[in-house]
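Multiple structures are listed underneath, in structure tokens.
Common to both upcoming complexes is chain A, partnered first by chain B, then by chain C.
Our next item is the complex of A and B:
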């Protein structure tokens, strides 16, 4: 199924062979945009203030971290992996960054601390997966708890308050230009960079190859170990950057920062059309998926739906998305078979 | 057949893993009884049995599921949802005698939903059960919000914590032992049990030799859900509280003990005695750490590390063995 579904990724301009598939796959981004538009129109018709400048700014604030982590998760999922430890990584990075800042470390250095902590977490995941040959699910389910435990160890019951952080850092965290928060701009730029990396760079294309057929990819001499490490370190580093943004946005950081966030991120990526078995999907789709989830959670109170529904909706969306992927995959396979029989 | 299986090369390493985990468990119990205050008391042993009941019951079915090469990450959420549903029914005035079978039935239905998505639509169990992990937990919040239902009848809640007469043996021990024995017999001594190994080791070969792999897996998920429903009943009565966040995160512990017990995450390999030992080991470690006043957060580090080590260690051992053999070949 995956090998069929990612055919267009490997032959982007193969003309006749892939146009039908291209359409179906592009349909996912189109479908997401339609769903977003429908949701926004309905919510805005209930309460027009949903489209007000303040409301949109809140939305983009909330989306900034999710989009960033979804971009990192995409890179890992493309290789047939998964990183369930992103929430804990974010928590660790947010706490270390905030602690560093509160003890007078200059902002650029604290930024490096946060990203570095995230990259280190990612390196641990990558090493366990690649060298230890532990399935990514098990490895990162384990480190989810290990990393979170480390945060609790270092933080104990204490927390870093907004008043301990430098003024400029917090101003940046709550600042916006033309109504778009700086934090969201950072996320969007990173997303674009990852998109370019995945589509135009050799290392990025290798990740698709590794995900769609690991055996074949190794046979062609692709440096599988290095690529896997790159994917996990990148995912960890982005979660680390997410921790810095989290600290900048909230100011107050305790040991529970980012708790349980991994579910939303996996949901965003899967809803965004990245195949859970690797090799297929785009970071743009994952970004749209993250945006959709954020809009849903911001629309719930406006639509007077109990906030308790949010997690149930996330779960239902994951199920719907993978079922849809399967359906699209089956249709594509059938279409390919028909085409093949014409050639004969 | 079992003896022949055991002597085959692939399973010999596993038999030693089984033996190792059982030995480690016994060793740990002995050391902890000596060095941790209050650990070795009969009273604490009783608590230990009650504490390990949920993990043990869930691990029995999870072992079979992992053995077929699948996974069920939604078990803890199923426990939470059945517990929340019990709370709603109790508030509506339904009698507990009616609620308990309904809770198990609800669990079975939730498991059947997993089974349908996985075997009916052919979707990966990992993705499906991450979805239902969120969905079922979300639905329990929809049912109960952040409230708790706590006015359960004393005679029921007391039974879950009580002992048989004056003996000090927990009431729960007997049903737990019966269920564990039943699953061991089912897995190791029946055709159905052996077909689980076959389905996990090579699903295509199993299908050609007459194992209805998809039907087998479907019913395993139904069983997993029903067991989670039973644990939901137990959890609610034991803590005398129906809450939406009951058993939150318990799936990690269940998967950890199954893998620590020597069941291969890729399916087809493993045995129940190792898993039972792992359940005792993990619960005893947590119990001892708690008695030694180590914070509950530190416990998550232990569980997480054990989960990784459980899979890492056999891999490292086998690759070290391979390297050794390769060197021997070179020198020969």
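Our next item is the complex of A and C:
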């Protein structure tokens, strides 16, 4: 029997209250956490050093950029889009930031250069998708090559060395508080901000609506163009910020920074339970997905498993995630149907 | 239901006026010279055949389409809408013919998308949103949980969400495109109550429906459209239903319920002890060749569930279904199709059509095997077939190769019918065959069904329209709460007898002849 909401004062959590959908989503986060925990426990039992402070720090360093980009990618995927150019965007931003810094630009300004370059890349993607009506997959596949080409053109085979960058910037890049790298803290904060934006702001909810049913969005008069631009610019800006973090962490930047990164990010998002056809998923899930993939790639060498298997495991995880979605979707649909059939 | 019509005070300007509106889609001239004036505090009906251009006109009103010619005035001032947002801002709320909800969002969010109540820091206030949704549903008497996702709602519930949404907009103009097509009598009554309250507060209402009784009950003025043109606008008392129909169709109508006396042949369908947990129980009946049997009952009585189990779309939990004495496997619609059963489903958009494919493909989808020669689809045969059936049903379209999604709602329904009729079935199951179909074609569909029966096809029909059931069926099987509670044969099948059975005031109503 369907009942009209009776307890309006249940503390509204960050999610949508206690709907079936919400439970499934939370359940998904739980599943990811369990997988993470299991992997860590197994790896640590083989080699206790895996849980050492240094090892964890390395892991969080590696995760910082992935998590950040996964958050951006989620925003785009929710609208039924995808951004394959994030790796190139990151490369462009990293190179521009490093060059700016090496020629004496103050750090805050260089930061703006990096993020700005990313946002500009995002705006290009958004414009091609919205105004050009080009499918996002094709549009961003194109810009993947274009942006990378721009980096190669400007870099021309040269690179920026760590010794050219200001000390403070590099110290920040390798610094940590209580064993947690600053870079990871930045990523986590950004992720939290994006999560709040997506769940609690009209513009964020509009992105879900757009991905869920574009035709209905048009009928409802949602500002589709503006929202799509927001999504792509946000994704680009986060990739730009990722480039800044990349430069801070490695110091040495050449034209190949972030090469081939995009598929890892898409994988993280899918494993994290964001529907590739838009409309559902959370950045929290995507962040956990990114963390899980990072842990896998760090744990396998410890477990002495071949590099080859890493790819296979990531592939299997993606398939498992999709299968799980199908299953949960079917179950939910059946449950809802049963529920609905008792109404009248 | 009757609504007292208090004559609206004379107004200098209509709230909204459209004049000389034209709109073409490629070669299809959807609107040629359409017009409409809506006044504050008045409910205005828009009627016309399928494809007359009603939905296109309101999409122009809603800012979704830009007219090729003509102008729109609000309060005497020219306006031009460039998107739904413009029209909404001008106070026009629209309930579209096909509900379009956001499946991934909750029902409450669907109601308030883009205008969610906000609390501190501009964040969405979910508790408030839920409260408003619940209040709205209470007012409309709808038992829906605001927190459930919209995915999986029945069409009726989807329609109710759309209605609640439009009403909550408190617009100056409320446009409703066949809002009642999927609703039960009780729900329609509640809707009319709410709409009439809005009208009394001064909202201008535009109401589109193929049910002319509803038009008479709700509206004060009526505009008839035919072939993209306005034919007439009159006060509702000034025109009779017959006159309206004549203007819509452009000719006199043949008999609405042509019934031929046929001698029923052998039993084609035999259903014994059919059960689906929670939906229907112990259903026994037969349908003979040449017979039209109606499965009737109130909405939610389990009629659709029963025919779906017969056809095998859903597995049955117990019981036997046999065609010509051979049992059908449970949950296997292909086997049913091979045995010569066809089912025209209730929800055409979700179950009956592939909206992006052409009319041709859709109309012949079920016949592919028979039409193919050497494994190829032979274009010529396919084309002839599709043209014949869509022609017999007076489907209105540009070219057979147009995507079905571009057809008017009623014409889509005709393509579904064509698709199944083309299979030449032994047993034809039709679920709400005339929902959303205009009155002229309705008579045509009825004639077609009785022709088929005369040719020896067994017809099993589910319909919520009582006159249709009583007018067409040789026998009426009445269902209530998932059980078969009685059977009425033709002379004994009257409205009172049906209502007594369907509402449970009498149990043993079997009158067999």
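In the analysis below, the second predicted complex is superposed on the first by the 321 of 344 C-alpha atoms of A that agree within 3 Å, B and C clash if a C-alpha of one lies under 4 Å from a C-alpha of the other, contacts with A are read in each partner's own complex, and residues count from 1 in each chain.
Please note the rule applied: contacts are C-beta pairs under 8 Å (C-beta built on N, C-alpha and C of every residue); 3 or more make two chains touch, one makes a residue touch a chain.
Keep in mind that what you see is a predicted model, and the values were worked out from it rather than measured.
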A:277 touches, of chain B and chain C: first, second, both or neither? first
Which superposed partner A:318 touches (first chain B, second chain C, both, neither): first
Partner chain in contact with A:206 - chain B first, chain C second, else both or neither: second
Chain B versus chain C as contact partner of A:221, first or second or both or neither: second
Contacts of A:259 with chain B and chain C, given as first, second, both or neither: neither
Touching partner for A:142 - first (chain B), second (chain C), both, neither: first
In the complex with chain A, residue positions of chain C that touch it: 62-64, 83-88, 94, 96, 100-106, 109, 113-116, 118, 122-124, 126-127, 130-131, 133-134, 137-138, 143-149, 151-154, 156-157, 184, 278-279, 299-300, 305
Chain B residues touching chain A - in the complex, by the definition given at the top: 71, 117, 121-124, 126-128, 130-139, 141-142, 145, 244, 252, 255-256, 259, 265-266, 295, 297-301, 303-305, 307-308, 311-312, 315-316, 319
Sites on chain A touched by chain B in the complex: 82, 128, 132-135, 137-139, 141-146, 148-150, 152-153, 255, 263, 266-267, 270, 276-277, 306, 308-316, 318-319, 322-323, 326
Touching residues on chain A, where the partner in the complex is chain C: 2-5, 8-9, 12, 16-21, 196, 200-202, 205-206, 208-209, 211-213, 215-223, 275, 279-280, 332-333, 336-344
